[in-house]
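Listed next: structures, encoded as structure tokens.
Look at the two complexes coming up: chain A is in both, with chain B in one and chain C in the other.
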Partner chain A sequence: MSNTQLSYSESQLASHLNTQPKVVDSEWLAELKEKGRDNFLTRGFPDRRQENWKYTDIRTKFRDNSFDAPYDNGSREKSRIVDEDILRVVVQDGKLTSIPSELPKGIAIRTLEDVLQNDEFFLRRYLGENRALPKDGMISLNSALLQKGLVVTVEPGGIIDQTIYIERFSNVPWNSIESGRDIIQLGERSSVKIVEVFVSSVSQFSLTHNVSEVYVEKGATLEHAKFQLEGNTVNHITTIAAEVSEGATFKNFEISNGGDTVRNETYVNLLGEGAHASLSGVFLKAGKEHCDTTTVVNHIAPDCTCNEEFRGILAERARGVFQGKIGVAKNAQKSDGRMMTRALLLSDRAEMDAKPELEIYADDVKCAHGATIGSLDNEALFYLRSRGIPEVQAKTLLMRAFVSEAIQDFGDEIIRESANQLIEQKLEFLSRGGYEQF
Partner chain B sequence: METAEEKRQDVEQLAKREYEFGFVTDIESEKAPKGLSEDIIRFISAKKNEPEWMLEWRLEAYHRWLKMPKPDWAKLNIPEIDFQDLYYYSAPKSQADGPKSLDEVDPELLATYEKLGIPLSEQKILAGVVAVDAVFDSVSVVTTFKEKLAEAGVIFCPISEALQSHPELVKKYLGTVVPQSDNYYAALNSAVFSDGSFVYVPKGVRCPMELSTYFRINERNTGQFERTLIIAEEGSYVSYLEGCTAPQRDENQLHAAVVELVAHESAEIKYSTVQNWYPGNEEGEGGIYNFVTKRGDCREANAKISWTQVETGSAITWKYPSCILRGDNSVGEFYSIAITNNHQQADTGTKMIHLGRNTTSRIIAKGISAGKSQSTYRGLVSSHAKATGARNFTQCDSLLIGDQCGAHTVPYIESHTPSAVIEHEATTSKISEDQLFYCQQRGLSEEEAVALIVNGFCKDVLQQLPMEFAVEAQKLVGISLEGSVG
Partner chain C sequence: MSLLEIKDLHVEVSGKEILKGINLEIEAGKVHAIMGPNGSGKSTLSYTLSGREGYNITSGSILFKGQDLTELSIDERAAAGVFLAFQYPIEIPGVTNMTFLRTAVNAQRKARGEGEMDAASFLRFVREKAAELKVSDDMLKRPLNVGFSGGEKKRNEILQMALLEPSLAVLDETDSGLDIDALKVVSEGVNALRDPERAMLVITHYQRLLDHIVPDVVHVLANGRIIKTGGKDLALELEKSGYEGLIESAA
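Right, the complex of A and B next:
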């Protein structure tokens, strides 16, 4: 396998993919990668004419490679979760560098290479097979570059009490793509809590592109959180594709605090009766940051429920995007879907675009979505200030209340607490005026 | 008590009931040959004795149309349309003699209107509160109440006539809201539009009556390309009604209309539509294709444009009445009911573009899908950098009847303005068993109960319709859903 870091202009990628040496160790994997390569070469980077990428123009972005001077907001220390009770895994530039010597019974954390050598059968069953995965240029590219990744498996019936903390630190060279593919597979009736933290070294211009294929089998529960805290020269596109079986629960919570152009995609297929998905997130953006939250939840089996709750605050020239879609298939009767997105604009030049979508083919369903965009309530601000609370604190307080709904329902306490801390820091930064204060 | 078998038969009978307003009138038409070319456009233009600039305008639109792709973003399954297999001009023959009064009008034509209940007959004139600029296929045949309107200074006439009598007004406003190359169907319309209504309300005038046009597609394979232009000068008010039914036939018919509204300072335009064109039979054969571009421009401060629509007909509906809120404090409204049954498809909604300060807009959209139909709400609310204090409220609710249909919501919300407040709500549900049971145990049949509940669901929109239409619309809601339950 080649270890070259890739520059991400499309033509360079194409020439790299064409000269990439063939993977010899597995015919099957070579085929998968070739298919990804061919698809990427025909599709290219997604452009705005694709409805799903309407508001995020990465084609132009990566063509021009223009960016601002770096700021520091992605330092590694800030994001450290200090808690004895977590299992810390460190992944540096896609390579597993640290893992607890002893993992609780029932869970295994391995690298993709390791699994390929010892358990190809598993990979054939799960890698690239996720029915929730979208078919676009980014996923094709990820398949074409397939090489690094983590495989987390939980045995049937395994209840993992400790929170798994995966720190992803990237320090790749200028203008390069850090591409990874993970698999998280939970056996029947098992449960686990995972938090992934994306951090970067300061002042590098790169693209982090991670695709996770998630399988939550019958009756299992996965609580997954993602803290996206990279420096604001790092572009970040991650896709989580989850298949959720009968009676299983998939919860995903994300904080997007850093990065330049960021896109957090979550695709969920509720495949068995009584499956539940709960997606929530907070994005806090300033400067010229761009944050796109895209979710698609497909109710395929009857009696499934989903709940989405997203909050965004946009300062300076930041731009937020929310595209959410709830689909209900023909025989998915008794589906219950709810989706709510709210955004605050703090400056004249900030922008928010929302597209909450419903696509329903069954009649016995309850689906609702709501979206609001507005600014901080001046009267509330005045109320607080008239009681002697300084402006910065008053603003922080109001914004804190605004985002809290998206956090409060997330089960795991450690994750919730660290999320609150991260949000507090960023809100204060925003209340003080974002980057302009420096 | 009725047995289940009897009930099933009843329902089947209802479902099989023929389209109530379906009949074909035999009047010879004067037609241009099939197909679309520069020559046909010259023919149409010459036939209407249009000024030279108008012909050039049409030709420019035609050339742009040739280069445009068909829109494919709507959630619609549109069969291939052969634009060369359509007639682009047809006029009832009697028009050539130019009837001056009702007596001169072809009695068969009058009978047709009679069946539709158009108030052209004498008793209607006596009762008359409504002026009718009745469009039969493409050429406006009779226009009533002209004098009364003329007294108020309101111009209400076919657009072809306006091109003769007020060319300067038409030239000034035509295409300023919907440009020739706005979209595929608008470009087609600009090239070949046959006729439509023209309304001009002068400064400070409150139009003394509701203006109304009944459209009727009659000639086999005739594309109907209406073009309506309404201009409300400073401080004026006008309410315009548009309603339509069409005879039953097998071949699909294309309808690509364009409506342009211009509201100047403090003017108000209220535009109401009841659309009940032939939706195709229960197998999904036939029916009208309705591709309409409607847009209003609140050009100056304090203007208001309000769209109300009840869409129950057409095999395919592609329609997005929009408001450009350019003037400060201007107001846009959109109230819509879209009902689809059998194999109908509807992709409809609105655009509210907030450009001026303190502009407000309100969207209430109700979609009801039954049978095997698909109904989509697609809308855009955008507030631009200068639209400080803009305010929008959107509510779109869908009701599903039966497990074969689909209801979709695709709203786009784009805000560049921190002081703008945009709210969007949407729900999807079905008629609850409890409600049905309650109505039925009080002696209503299932159909009546559904009609009652659906009317309640649509109430917010029905209330917005002018009186004359509200009654018709309520009936329509019931008729459209016949055969969808049981």
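Right, the complex of A and C next:
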């Protein structure tokens, strides 16, 4: 199958979509794809005219194809967690290439194709059905291109102690889209930790586009982390849509270290009483890199809580965006929501746009949001250096302190340790002056 | 050769001349004290020695161990042996005191071509010095200076000095904010570091500190100039008669 080209005009993309070969004989899926295609043709790539994409005009981005000189961030080698206590799954260009021969009892990891052939009923229940999923051109395109993806399911009561570590390598041709759709479904009272790492080889102008539909049933706990480490010519847009039921917890943590234009979207519906969502992340950008963090958390049932903590550091001409919205429905009394974003600008050409929003229809709620944008504390830097700590090291130390608050409460020791290692490398790169040092 | 030789030093801050021709020589093994009214330029001199940005030397020279100190960056000066105990130590959230101390000690060792200290030996080293200065374990674990009382911050400065073993220690009002017992602890810490190879420049407003850390030389700094230099008795004299008469006769 030929790859889907980014630089196609939308109408060319349409004819390409029309000639896609059938994955399997499923009328249901064919219809879903067709609907996706039609919707994409109406909506097109999102651009600044859409409120939700105001700061990340990807239509223009894909038309202009401009990016920094390729730089090998070595992430592919460095991203490997060496620990016996993790379950390693490898996905190469969207295809599952390696999976432990034995998984713990209670968890299954299958490909979308596999599930389609053997359990179409499951897919019909969960695929494209997530109530938190937004309706825009990107999601439509993802549906139109539906073919590759992972389905992770945990049985009710299944407590998975080992961390599932999914390494996603992409090495797609110049200008193509790597499109995937995943489903993560946790049965009642189950729990699992999943880390997904996105890496690529350098110098391929491409788009990684992944949509995950997440279902956390009653009393279950999902801790999900994404380490986004692709080369600096890879654009990356991922959408996580999560339905969180009564007494369930969904924690999501992301590191955005790599990529060119990156957008991390998280949409959460807190559907049952006492559901909890915790979203946190760190973005570290230099050159002309762009990182958009978009979150929407809807409190639909009473007594739900959410906590958001994002930290970003922007060097050179990098641009950060935070759009966060907490919505509280009319009967979602006693909702408790907190949203905080802080950014450090290392250069006066760097830019951060923060747009926190509350939309509250209930009267008995506690909601707070805050955003700060600042620069490195020169006094602190002087103090550290006056003790003999060289400038680069002192800056790295201060930056690490700045981002640490977004990491400290997530996952287990192994996840935090590897997160810290990954961050350390990029912080040093930023301290040395980003791309300009070369 | 003196350890530190300052000649006709003029320094501007934000375009305003603060130091107006300082001459100061300190030999190894000696303790010099600087006293002087508020705003006379004492802290400015200490920041200039550490290489802080914004302190522009418009003329004059600073030689340290015979080398032009102004050519070194802030951290190079520290590695070369210059240490400043801050009048107002900085709070750094997110960096624990312990991490900070180990990073600093190892950075200086590395700059001097010595091997880094491993975690265990460093811990032993820090514990020993901390006990002498009554710095608690809790203070070592907390973020650097965050929520430390005024006196705790000052003791932490002296702990850093004890760990870094500089050849020139500038103490900028280390006595301010200390209670009587802490003053004793800190002074003992400082005296323990007195050494034929090491010099100290003690900035203070009070004779009281100089009872504990007895100086060899006392200078009076007023309006950006050293207007009088004498022995330890000069401090006693100032305590009685104040600066006014001195400043008038110097003018």
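Points to keep in mind about this one:
By definition in this document, the second predicted complex is superposed on the first by the 421 of 438 C-alpha atoms of A that agree within 3 Å, B and C clash if a C-alpha of one lies under 4 Å from a C-alpha of the other, contacts with A are read in each partner's own complex, and residues count from 1 in each chain.
Simple rule for what comes next: a residue touches a chain if its C-beta (ideal position, glycine included) is under 8 Å from a C-beta of that chain, and two chains touch if they have at least 3 such contacts.
Only a predicted model underlies this, so the values are computations on that prediction, with no experimental measurement involved.
Looking at the shared chain after the overlay, A:Glu405 reaches chain C, while chain B stays out of its contact range. When the two structures are aligned on the shared chain, A:Arg387 is found in touch with chain C, with no touch to chain B. Ranking chain B and chain C by residues of chain A touched puts B first.
Contacts of A:Leu397 after superposition on the shared chain: chain C is touched, whereas chain B is not.
With both structures placed on the common chain, the touch criterion links A:Ile373 to chain B but leaves chain C unconnected.
In the superposition on chain A, A:Ala30 makes contact with neither chain B nor chain C. On chain B, the positions that touch chain A within their shared complex are 73, 385, 398, 400-430. Contacts from chain A toward chain B in the complex involve residues 51, 330-331, 333, 343, 345-375. By the touch criterion stated above, chain C contacts chain A in their complex at residues 50-53, 73-75, 77-79, 83-84, 86, 89-90, 92-95, 99-100, 103-104, 107-108, 111, 143, 160, 164.
The touching residues of chain A, counted against chain C in their complex, run 377-380, 382-391, 393-394, 397-398, 400-402, 404-405.
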